[in-house]
Amino acid sequence: MMKQELMTIMEHSTVAKDTYMLVIQGESVAPPIDPGQFVHVLVSRDFFLRRPLSIADVNFANGTLTLLYKELGKGTQALSLKQVGETLDVLGPGGQGFPVESLNIEKALLVGGGIGVPPLYYLAKQLTDKGVAVESVLGFQTKEDVFYEEHFRALGEVRVMTNDGSRGDKGFVTDGLPEGEEAFDMYFSCGPAVMLKAVSDQLASYPGYISIEERMGCGIGACFACVVPADSGKGYKKICRDGPVFRPEEVIL
Amino acid sequence: MMKQELMTIMEHSTVAKDTYMLVIQGESVAPPIDPGQFVHVLVSRDFFLRRPLSIADVNFANGTLTLLYKELGKGTQALSLKQVGETLDVLGPGGQGFPVESLNIEKALLVGGGIGVPPLYYLAKQLTDKGVAVESVLGFQTKEDVFYEEHFRALGEVRVMTNDGSRGDKGFVTDGLPEGEEAFDMYFSCGPAVMLKAVSDQLASYPGYISIEERMGCGIGACFACVVPADSGKGYKKICRDGPVFRPEEVIL
Amino acid sequence: MNTLAVKLPGLDLKNPVMPASGCFGFGREYSEFYQLSELGAIMIKAATVEQRYGNPTPRVAETASGMLNAIGLQNPGVDQIVGEELPFLNQYDVPIVANVAGSTVEDYAQVTEKLTASNRVSALELNISCPNVKEGGVQFGTDPDLAYNVTQITKQHTHLPVYVKLSPNVTDITAMARAVEAAGADGLSMINTLTGMKMDLHKREPLIANQTGGLSGPAIKPVAIRMIHEVYRSVKIPIIGMGGIESTEDILEFMLAGASAVAVGSANFKNPYICPQLIKELPATLHEHGWSSVHEVIGGAHRENNQSSVSRA
Amino acid sequence: MNTLAVKLPGLDLKNPVMPASGCFGFGREYSEFYQLSELGAIMIKAATVEQRYGNPTPRVAETASGMLNAIGLQNPGVDQIVGEELPFLNQYDVPIVANVAGSTVEDYAQVTEKLTASNRVSALELNISCPNVKEGGVQFGTDPDLAYNVTQITKQHTHLPVYVKLSPNVTDITAMARAVEAAGADGLSMINTLTGMKMDLHKREPLIANQTGGLSGPAIKPVAIRMIHEVYRSVKIPIIGMGGIESTEDILEFMLAGASAVAVGSANFKNPYICPQLIKELPATLHEHGWSSVHEVIGGAHRENNQSSVSRA
């Protein structure tokens, strides 16, 4: 159930260049919360629109959500100045996440780019909890941008790609995808639209799920701001409500 | 010299119902600062216009100004939430104050109403420093609104008037003005326009100075927002630049 | 007299607060947050003859105290609205105002007929002011003759009261208001969004894919209040006011200017509970300012000079 | 090529930033804060034939991300401006743009002649868009024929370049722009304020004594950028852009849309140092976004489709 709540900031720290980990506590943190779902955050009264941020981890016992975000504009910059103990106006959790419960697979490939990496962490945890083996390919611009590499490594194999090769291998995530038959049963990807397009094209022979980004108004499905074309262009899906997670064949990137 | 400065809040406390004393420190606090001058305060980035507040006291040794303000709208409400140690964007000191230096008088009458009282306190201090005897008539709505009565009493005779008689005498300040020849040499008044009009009419036979309020834009004389008619209506004065202190005969209330 | 109730053509409002068209979809999402029957009415998203996909994304951008949108009238088409959305909304005890849009006068007539025949809405809101569609819509909203025409023809196709939604992107809003009043409009709703643009400095082009978008939010509130104040003096039909409403004080400002009821648009995105919250707080704010019912507020700023003897609520 | 310099008709600007008319008086007050010669130019307060007192107070009100003003063209009259204000400003090495206002075409002609004869200003800005005076001013700004007329007659009374200041309170801003271009305008300055209103809930009437006022500040920035973008495609004369500018990013947005230079208005009230601060920060912001001079930015959002071969700076 979606709620609006003033959640309390429990932790707030830097995990990479301009990249922060934020742990917030509140009553909205109750099962079920699926990986890939997001919260819609009102940073302060200075802002008119909320900002969508993926849920990167959940701790039901403590009632906390972990968010991982990059400072990209005014909103995320103002967010980065918030102190532990302050509250944050959060609407969520929203959207349809990755379907972990219903899956019947043995090996999963996770492909994340930049700020698309966060939702994959909670996904990786859920999958390994379920006994699914997880391999991750994580792409970043340069070594200063890399975050959560060790967190993913604790859950399975990890390949890091950087544009300049300053960490891991040089190249895009699409250069680092595993090859060979049966390397995995299903893939899960999140990142910029161009990356999702390239990944889903290259992995067209596998079943998969991708998580899409778009600028949002309401964040709950009422305003039609965040649509993506579907059904060979005749229909549409609302990213905030029907997504952000889709099967690549459901939408037109 | 007028300056824009981020001043530091040194003290902030309640002195009456919805009325606060704010002590701010900064480099702009250098002589000369005349009583009746004001500072133009940007409460926070949430606001587009600054708020004019009178200088109620000055301590050059500590580099501090004292402001006394009443919570009346959104700006003063947001100001009241500011904590000691925070900074405040202050433009000032501005305007022409009461002319203490040049005066040659023995007895002064101070007439203040509500949030018109603050500038009279620094004036009273300056006058008594100069050896001028000071008598004050201070008007408030009710007893909860009364502030700085003791401060004024330390400098001379004080008569408090309240609309409902809940403290001091019942009535308006005009009901409490001293009578009889030679009761004082000159009067100084600050308060709402209706009060200033009544006071200057009643005291028409005395020389005096009044301090006028108006909504301001720039606060420095550039925008023509804060004018008051002068010269039998043909001319005008800018309250922020030529005032806020005027001789009653200079302006048309 | 009831503190909050307002009676307008076709609309028996328990309170004067309703969500604005396009900012509330067809109510489903917000029904998960609160009981829709708490609302004065619901103005649903525009209906066109056929399903419309709307504009490419990005469709929204944040601006100072507001936002731009260029949704482009995306909607599932009037048939699906009548068949699926209205039955859902009719579960709740709340009047529905259906927003009618199109590219031609015939479109308006057809949508009007279908909505009327459904017997599921209390009033129509004629959207002649959507700045985000290339053809139609906006011309109707900026030319008094075209506005007259589309209003008159719509009226011929329905027995329902018709509220015409005015665009603020005009030199003389009173000319528009007078034209649609003369054509038989039962009321006005105003204002729609101001056309605006924001640049994306990285892409070096307009941020919104449609280039321009409609500006809404508190930024436009002074324009809305000015126009309502002007129009109140020019016509006798009641006005539903909107444009940047976020607080009960805002509601009173709109009503003083001349609005009989108000709609809350983009503020729903910030705070999904805003409508019921405003409804709950309104009586206290009224009393605080010395009023005992919303009736006393409507048009209050005109009281001294206002010759009109019509009661608009 | 110089990073910030821009050459416009009559204006050799060392940088593209100038204070907007009415928000800087005649420069005296701001000269106490910084060297006026740091500015690209100065647009001084409107001049009329006679001294004007203007509107009653209150004349200003705060709104969301903006303000309303209804000063009403208060000024000491063109003779005193020529005799006392311009000599003061001429001490500084900075071009002066004089803002010309009036109630009749003859007024405009007379003020124009006196300012031209003074040899103390570099260009004229024709204020045909002040929404805060009852007669004149605003009609010229909303009717293309009247605007043509007043521009043409002004041009006949001066050899100075004439920039016509456009009002945003119109249905079609491009019609206004084309009309004044056809009449011989050398440039445009846009936008003036949007007409707005705010209610005083205690007094139950408009807060501004004049009832309506002009809305300025970041609230109107999207409208200004949209109109500049539209007008850039419709005319060949250069545009000085304004409306809510507070940051160097704002300046680049205006320039991408088509402004060759910009003016900063009400932001001066918030921060008296804003103009020199923006000028100082502009090179870094340019470079950060991959530009090496302001020339490269002007009209950049039109680059792909733009047929115009005229350089506007």
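Going in written order, the chains are labelled A, B, C and D, and every chain counts its residues from 1.
The rule we apply is simple: contacts are C-beta pairs under 8 Å (C-beta built on N, C-alpha and C of every residue); 3 or more make two chains touch, one makes a residue touch a chain.
Because the structure is predicted, anything quoted here is derived from the model rather than measured.
Identify the chains adjacent to both subunit C and subunit D in the sense defined at the top.
Looking at subunit D and subunit C together, no chain touches each of them.
Which one of the chains is farthest from subunit D, going by Cα centres?
Measuring from the centre of subunit D, the most distant chain centre belongs to A.
Give, as an integer number of Å, the spacing between the C-alpha centres of subunit D and subunit A.
For subunit A versus subunit D, the centre distance works out to 46 Å.
Could you put a whole-Å number on the gap between the CA centroids of subunit B and subunit D?
Each chain's C-alpha centroid was found; their separation is 36 Å.
Pull out every residue in subunit D that's touching 2 or more other chains.
Touching at least two other chains: 63, 65-66, 217-218.
Multi-chain contacts only, two chains or more: what residues does subunit A have there?
In subunit A, nothing touches at least two other chains.
If every chain is a node and every touching pair an edge, decide which shape results: line, ring, star, complete or other.
Contact pattern: a closed ring, each chain touching exactly two others.
Mind listing each pair of touching chains for me?
Applying the touch criterion to every chain pair yields A-B, A-C, B-D, C-D.
Please output the residues of subunit A touching subunit C within their complex, sorted ascending.
1-2, 4, 42, 47-50, 75, 91, 214-229, 233-234, 236, 241
Could you please specify the touching residues of subunit C with respect to subunit D in the complex?
For subunit C paired with subunit D, touching residues are 63-66, 68, 142, 169-172, 194-199, 201-202, 204-206, 211-213, 215, 217-223, 225-226, 229, 244, 249, 252-253, 256-257, 289, 300-301, 303.
Within the complex, which stretch of subunit D touches subunit B?
22-25, 28-30, 32-33, 45, 53-54, 57-63, 65-67, 69, 71, 74-75, 217-218, 266, 268-273
Could you pull out which subunit A residues touch subunit B in their complex?
45-46
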